[in-house]
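Would you mind keeping the following structure in view while I ask a few things?
A, B, C and D are the chain letters, set down in written order, and residue numbers restart from 1 in every chain.
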C-alpha cells in the first residue's frame, strides 16, 4: 500500500501551507482524527490555487499533495472529472486495475489504488478531495458545481 | 485443560511467565499466518481476546446435542439447555465471588450492562432516582460505553454530569474528590482498568467517598475481569460490568452483577418474554432478578461459552495470569523505552497498571504505524480506542496500542519493538 | 448446500414436501437419541430451531481464523472480521429485500428490537413522539415481547395502550378497526404470524388504516422470517423485527429493519462504543444508522452465523420451505382431528396459517401431555408460550404446541398422533 | 416420573372438595396456570381437615390428594415435619434416594422423588403444600407456625 510515490508526497508535500483563497473549509475524519484546513482560489472557473494545512496519516497528507499537483491550473469541469475518477478508483475495493486512460488522468494518484483495499483508509485518501469539493461549492455556489457534473 | 505452568528455562527467563507454548496450542487462530506466511502476532487483546478450543467445543457441543429455548420447557432438550445456561450463571457467579447466583444478569455486552444500570436509575423511584436535582459522576478516562449512557441519562432527566480529570502521568486526579462527589451525587461510575492508559484505578478511595454521600458505585471491569482476580464483594461496588469477548468467551454476551436488594428494588429495562411473572393486556408483573432483566431469548450458547471461558481461565488461575501479564508489561515498557521518539501515554512503570500500552511514535500517524506493523504480521490497534476524551486530554489525535494476554510472549514484545524500528526507518 | 428437492416416491407422497432425508443430514442434533435410545422428534421449532452444520462451521471458521473486534482496525483480522460482519448485514438485507443495507440493525434478539423501537418513539421529537395525548395499538395475540415494551412505554409516557381482540376461530377481530386505530394513534405493532395460534395476519388492511391516520407500523416477523419469503418493501411497514435463533441462526442475534428516514430521524437507544461519531465529555454526536443503534461490540460471530443461516435457507428456497410446511400442517391438522377430545386453539384449516398448532387434550393438563410425549422422545412445548392473554382469551390455562420446520416430516406427525393416543390411554 | 401411586391419586383424589374451614387461600403457579383453592380447619393444633379444589396437572392434583392423606388428623408440629421432609425430597434434583425413615414419614409421597429431577415440575408438586402452610399461618397466626419450626 505504501508506494514510493505516496511516501515521497508525504515526506515532501507539494503546495502545502495556507495562502490567500476565496473560501476555506476544515474537514475532520472523526474515527482517526485526520484533519485538513483547505483554501481554494478561483480565477473565473480556473483553479488558481489550492492551499492547505493538515495533520494525519501519510495517506491523507500525500493525497492532499497529489490533489494540489493535479488540480491547480485546471478548469473546474476538468478538475471534477479527475475527482470522479479518483473516487471511482478509491471505491473499487482493490478490484480495479487502472487502465491507460485512468493512469493518464490520475498521474501520481494511481498509486492510491492499493489503498482502496483497506476500507478504514479510503476515508483518509478522500479527505482532501471532499474538502476541495466543499470549498469549491462555497466559493462558486452549489449550482456552479452541479451544472458541471 | 492446559496446566499453564512455565517450562523451566524459557528463552527470556522472566519470572512469573506462564507456559505460553502449551497455552497457545489451545488457540487455533494463533497458528494462523498472514500476509504471505508471516506468523500472526496478536497484540490487540484489549479490543477482543482470542478463543481457546475449549470454548468453541463447549458451544458446538451445546448446539449439536442440547439446543432448545430455555425455561419452562418440559422436554429433555429444554431441560438440558436450561441447566447449561443456568450452570453458566453459577460459574460466572463463582468466578467473581458473587454472594448469590441471582445477582448475575446476562446481557449482550458491557455496553448493554452500563445502559441497563443508567436506565434503571432513570426510571427508579426514590431513593435511587436520578433526576434534575442530582448529579452523576464519571471520569475523563472512561470508554465511550461508560460516557454516552450517562450523557443520555443526564439529557433525559436533567441531571448534571460531572467527572474526574486526569493527571499528566495518566492517573485519576482525585485531589478534589469531595467537590466532585457531593451530597447530590446519585451514582459514580468508573473503570477499574483503563483500556487506553492501562491504569488500574484506586477503587477504595472512590467507594469510600461514594458511600459517605450515599451514592451508588458502578465499576466497569471490562479490562479487569479478563486479566486479574475479580471479587465483587471486596470491591465494595454496587454494580460491576464486564464483557465476554475480552475474556476468551464468545461475542454477544456481557455480564451485569448487582447487589441483590438493588436488583429487587429497581425497575426493569427491556420488556418481553422470560422477564415476566404474569401478563394481562392491562398490566404485567415481573419475575425476580436476574430474570427481570433478561427479556427475550437470552444468549444461551454464548453464556455456555462464557462458562467454559471462565473454567479455562480459572484452570490456569487468575493470579497467575495477572503475574504473567505484569512481568510481560514490565518487560515491554523497558523495551519500548529503547525506541527513539516513542512516548508512552499512561503510566510508564508497571505499578498499578494492566497489560495495555498506548504510545505515539514521533509524528508518524498511528494509522501508519499500525498499517506497517500489520504488514509484518503484528496486529495492534490505532485510534482513540473508544475513549476520545483521553486523546483530547493529552493533545494527541490517536495512539497506537499494544495489549497483551495470557498467551502473549516476550518474543512478541521483541517483534513489536523491531517492527517499530522498521516503521521509523520507513517513514523517517 | 443441500439441494432440498424431494426424492420421488416419498412414503407419504404429500405434494410440496422437501427432501427431508437430505436436509436432516445437515442438522447434527436431529440424529441424537433421548431417553434410552428413542429417536428425537423435535416439534418445538416455534420456540427455537435447530442449527445446520453450515451455520456452526461458519461460526467456527470465524473464531478459528478471523476473529477480532470490528470497525476502525487497520490490521488484517480486524478487516476480515469487519468484512464478515458487514457481509452478514448484506445477506440479511437481501434476504428481506431491504432497499438499503443501512436499514438493517443487528440486536441481540427480537425482544431487544421491539424495545428499541418503543424507546426510540418515547424519546423522539415530534412528529414521532409517543406521549400522553397519543395512543399505541397492539393485539391480544401478541407475544409478551410485543406487549410489555409497549406497556412500559405507556406507563412512562402516559400514552394509552389499545388492542385488537380475537375472534373465536383464532383471528384478529378487525371489525372495529377505525375505532381502534384513530387520529391519536402513533404506532401500531402486531405480529405477522402467531406463535400460539399459527394465524397469519392480514397486514394490508392494518397498514392501510395506519397510513390513513399517519401511524407508524411495526411488524413482529419472528414467526414469519424463518418460514416464508419476507419482503419488507411489499409489507409496507415502517419497522420489521425478527430473531436469529428461530431461523437456523445462533442465539444472541436479532434484527431490526427500519425505513432509512426513520432511522436517521429517531434518537439512539443504547449509548456507547461504535454508535458515536465524536465524543467529548460535554456532548456526543452519533454515527449514521445502522451503527447509531449498535452500541458496544456487536454480536459479530452471531451475525456471521445468521448470514450463513440465511444462505442456507435461501439455498433451499423460502417459497419451497413455505410449501413444505403448508403441506405438513394440512396433513397434521387432518391427523389431529382424528384424536378424540383434541381441540385446536387457532384456525382449524391450513389457510392463512403457519406451521404451529396449539391444542388441548380433554382435561389432561398440557404439562402432563408434554411430559408423557417427552418420555417417547417427542419434544413439544406446553404452557402459555409467552402469550398469556391468548390463553385468557380462550379460557384455558395453557396449551400443548407442536411446531414444524423445514426438516419436519409426516412420519413425525404420525408419531405425535400416536403419542397423543398413548397420553390419552395413560391418563384415561 | 408418573408412578402408579401418583396416577391413582390423580384419578381418584382423596378429600377433594371444599368444606368448612378456618382459613382459605388461593395459590397459582403463574408459569403453567396450575391453581388451588385450599381450606384448613384446626381443632386446637390438630388438623381437623384440609379441603381443596383445583385444576392443573396430574402432579399438582395428586400432590394435594397425598397432602390430605398425610396431614389430616396430625398435630401441627408433626405436619410441619412431614412438610419439611417433602420439601427436602423435592429440592433434591433427583439425587436423593429416600431411606426407610423418609419412606415411613412420607408414605405415598415418596412416589414424587422422580419429579424432583424436573425443575419445571417441582413447583407443581409443591403448590398445595405451600398453600397449606399459608392457610395455616392465616388460621393460627404466623407465630404459631414459627414456634414449631
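Simple rule for what comes next: a contact is a pair of C-beta atoms (placed from the backbone, for glycine too) under 8 Å apart; a residue touches a chain by one contact, two chains touch by 3 or more.
Labels paired with UniProt names: B, C = cysteine desulfurase.
Computed from a predicted structure; not experimentally measured.
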*Co-neighbours of chain D and chain B (cysteine desulfurase) - touch as defined*: C
*Centre to centre, by mean C-alpha position, how many angstrom separate chain B (cysteine desulfurase) and chain C (cysteine desulfurase)?*
32
*Could you state the distance in Å from the CA-based centre of chain A to that of chain B (cysteine desulfurase)?*
40
_Centroid distance [mean C-alpha coordinates] between chain D and chain A, Å_ = 82
*For chain A, jot down the residues that touch at least 2 other chains.*
31-32, 118, 120-121
_Show the residues in chain B (cysteine desulfurase) shared as contacts by 2 or more other chains, in ascending order._
72-74, 278, 367, 371, 382-383
*Line, ring, star, complete or other: which describes how these chains touch one another?*
other
*Kindly provide every pair of chains that touch.*
A-B, A-C, B-C, B-D, C-D
*Once bound in the complex, which stretches of chain C (cysteine desulfurase) touch chain A?*
72-74, 78-79, 82-83, 277-278
*Along chain A, where are the residues that touch chain B (cysteine desulfurase) in the complex?*
1-2, 7, 10-11, 31-35, 55-59, 118, 120-121, 124
*Would you mind writing out the residues of chain D in touch with chain B (cysteine desulfurase) in their complex?*
30-32, 118-121
*Touch list for chain C (cysteine desulfurase) against partner chain B (cysteine desulfurase), complex*: 28-29, 32, 34-35, 40, 42, 44, 47-48, 50-51, 56, 59-60, 63-69, 72-78, 108-112, 114-115, 123, 140, 143-149, 151-152, 156, 161, 163, 243, 245, 250-254, 268, 270-276, 278-281, 283-284, 295-302, 367, 370-371, 373-374, 378-383, 386, 388-389, 392
*Over in the complex, which chain B (cysteine desulfurase) residues touch chain A? Could you list them?*
364-368, 371-372, 375, 382-384, 391, 397-398, 426-427
